[in-house]
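As written, the chain order gives the labels A, B and C, with residue 1 at the start of each chain.
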Amino acid sequence: MALGRLLPKVGRVVKVVDEAPLVRTYHVEVEEFPEPSPGQFNVLYAKGMGEVVISVSNYVAGGKSVMEHTVRAIGSVTNYIYAKIGAGDQLGIRGPYGKGWPIREFEGYDVLIVGGGIGLAPLRPLIKCVSEGRDRYGRFTLLYGARRPVDMLYKYEHEEYGRIPDSTVLFSIDAPHPSWRGYVGFVTDLIDKVKLEPANTVAFVCGPEVMMKVASDKLLKRGLKADRVFLSLERRCRCGVGICGSCQLGHYFVCKDGPVFSYQDVKPYLAVRGL
Amino acid sequence: MRKLRVAVFKLTSCSGCLNEVIYSMMVHPELLRYVSISYFTELQDLNAVEEVDVAIVEGSVVNSEQEELVRLVRERAKLVAALGTCAVFGGVQSLRVGEDLRTTVLASYPNPDFIRVSPDVKSLDSVVRVDYRLPGCPVNGESLARLLVKLVLGGTETPIHESLCSECKRKGIPCVVVLRKEPCLGPVTVADCGALCPSFGRGCYGCHGLNALVVDKGRLEEFSRVVERLGMSRDDLRALLKAFSHASLSRLSSAG
Amino acid sequence: MPMRYFAGDSSALGDLISILRGRGLAVLSYRLWGDLPVFGEVESLRDLSIGYSDVQGPASYRLVRDERGFFRHSYYSPKYALHPPIQDIYEASNGLRAVPARVDTAPMALFGIKPCDLAAIEVLDRVLESDDFYRARRSAVAYIVVEECVEPGDTCFCGSTGTGPAASGGFDVAYARLEGRVLFRAGSERGLRLLEELKLGEAPGDLVERYDEVMEEARRKSSRLPPLDAVIKALEDSAASEGFWREVSARCVGCANCNMVCPTCFCTEFIDSADLSGRARRQRQWFGCLSYTYGQVAGMHFRPELFMRYRHFVLHKFVFYQRQIGLPGCVGCGRCITWCPMGIDLGEVVSRVVSHGSG
């Protein structure tokens, strides 16, 4: 009997990019790895230390595909990766897992992306998807906020985002900062500032859960339907394949049934604190 | 691999956990190749409080000299590990807290003039920031070895917080409470001792400390009633909790 | 085709064990180990816990010598054999090349497990469908022989959950011990062939009638919960009522004994270890949702308070399993009541939820 489901493949870190304080993007090269769709995640294994679930923030196809994983040093495994893993080092990798953003189902729609902090990571492949298939989607709006300017991810790409045709790209930070000329306040405030055609818009949201709830409720108020608002949720994900039971949210296994859910599907659960 | 610089300090304690440090290195002699010890008065003659990667501190803090030492240790150590129940919660000597200090000292020492202690018994983390807590009376040497290995490798343990009962059931150890009707503090005690006492058919006496992340005052009261029915007096339970969970007992929340 | 019943006496059970052992199977059953009710390999009739009764109550379990007694179960369940408490996943010594752990797949027979255990196995089969390790152990089970519960215990409520006291499917042979006689029936073709090998006679009509009566009485005795539909509805309605859940969980100390002894609780945590020679090992072990860490992530906690985890335990058993796998996750075995050191009665909690909802 094959017991390979939980076995990692050997990945090689080919590049490490400093994104923000305690946040780095690890480019991991691996052979014969299925192509992840936007919003899916991989499980990275640091030998002897443990695994951590990280969304794929970019994918470059090839004989050896390269996937980017943006990691914040916050727990025991991510701290280890941050401190010890550099270009040339190995990381175990398995995946891709979970249900990603249903971007293909919404061709022809206006696309609205709302990201908060490190929550931009799983949204990044969506931006690429819209940008590369520009004629397949309507108006593109990206709203991205972080605590401080320095906490923003993928700063080296922000100009490119702004050059996407027929788009609105707005950034926000939580508190005033001398270097900042953009909006100060919550990223969800920006929802009030953009033009939306609710009947023809699909929204993809990722950030802290409170922010996602506020964003979703605002979008509903602006006339979007709850089944056109998608969130990428975080829970304690361990196995990634729905067998360890850690990530349950109501009857969902976030790793297997998610991490991306329509707001309609999870709204009743998210409304109850600690469910 | 660069050696992990380790210093081991002893405050007020019985040294039983220091023995466990030594045992764990005897069981894992390979560790010695990867650690260098700059301070360990029980093990070597030359000791200096130097900059280290990890300071392991046994014992509770009971006077100002110890407070000063601990502050110095914290300054010079990247990581601080509280070793054993004395360092984590105060330990057995906490039993004297609230009693007349002079009477206690006179009852214990023939020459009390040399004893300089404050009325309170402090856990290490009430004086300085602590990175790792390894409770136990004595500490489980294997837990320490696991941590040291991971620190040598540049990582750390991923903490899992659960009560002793999980450990008993995973090992198939017959339940002391339900099968034997004997008092056992396992349900409210933090796991990772290896379920030593129940595996010998006796109740846990809580040496790994109260599971205070879960058990609040109300739940502790409910639990007290249960162990009382099983034959443990309130006074005995109070004494055990004071002896092994002093610090967390005094922080126990009433809501929850 | 009408159900065929066969009759024998206790020795037929011994013969059945011999036949199974003769096929190279390890026969696993409830058995006594000293004075402890464990689940392990049996070699003959003598090893079965026949002649003992388990007297169960909230936070109480006594084994009583009783010739006419009926043994139900203990803190052990077939889960220990199929989804072991601690399991190696892989080891990596040469860089990151991980070598999967070996799973013991020596063929086995589960013998004398109870209908609630059988129902629990069906739950695990579905919820761990894509778990290679579980499937490897599960597919090593060549036969399942169920002992039907002629006398439910005081903590049992399988009649309410519809998972007992009779076995309804997924077994090879079911038997019921009735006043010195043993009534057998087959649940599969393979089971029927086993029974034919035993060379038993057809059961007389009065024994079958007696069986029906006994099972009906047992069903009545084990149906102390409100109707399952009402329970599910009330639990759904109660979910957001923090005060109520704080109140019903006020005596819980979060020890997770309920999770550990529950035959359908399947959650695991991974444990990583390393040594200094470059070897790393990954294991998984049972982990209870009542434990503090359940729902915690680096930097925050999704179920920081115990009432939330307690609510998850109850809602999962009755509501969420139903939506996940189409079956209730509670099989009414009552283990969580017996082995809760605080004596919290899940049946009572569920009844309170129902009266809370209507009140």
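As a convention for this text, a contact is a pair of C-beta atoms (placed from the backbone, for glycine too) under 8 Å apart; a residue touches a chain by one contact, two chains touch by 3 or more.
Computed from a prediction, not measured in an experiment: that's the story for all the values here.
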Should the pattern of chain-chain touching be classed as line, ring, star, complete or other? complete
Central chain, going by Cα centroids? C
Looking only at C-beta pairs that count as contacts, which pair of chains has more of them, B-C or A-B? B-C
Could you grab the centroid distance between subunit A and subunit B? Build each centroid from C-alpha atoms only and quote it in angstrom. 41
Rounded Å distance between subunit B and subunit C, as computed from the means of their C-alpha atoms: 37
Give the residues of subunit C touching no fewer than two other chains, as numbers and ranges. 269, 272-274, 287, 293, 296, 305
Residue list for subunit A, restricted to those that touch at least two other chains: 48-50, 75-76
Got the subunit B residues that touch at least 2 other chains? 150, 153, 155, 158-159
Report the residues of subunit B in contact with subunit C in the complex, numbered from low to high. 28, 30-31, 33-34, 146, 149-150, 152-153, 155, 158-166, 169-172, 174-175, 177-179, 181, 184, 186-188, 211, 213-215, 218-219, 222-223, 226, 256
Using the touch definition from the top, list the residues of subunit C that touch subunit B in their complex. 36, 38, 59-61, 75-76, 80, 85-86, 250-257, 259-261, 269, 271-277, 285-288, 291-293, 296, 305-306, 338-339, 341-343
Taking the touch rule as given, give the residues of subunit A at its contact with subunit B in the complex, in rising order. 46, 48-50, 75-77, 79-80, 83-84
Contact footprint of subunit A on subunit C as seen in their complex: 89-90, 92, 95-98, 100-101, 103, 105, 128, 130-136, 139, 239-240, 242, 266-270, 272-274, 280-282, 284, 287, 289, 293-299, 302-305, 307-308, 311-312, 315-316, 319-324
Within the complex, which stretch of subunit B touches subunit A? 150, 153-159
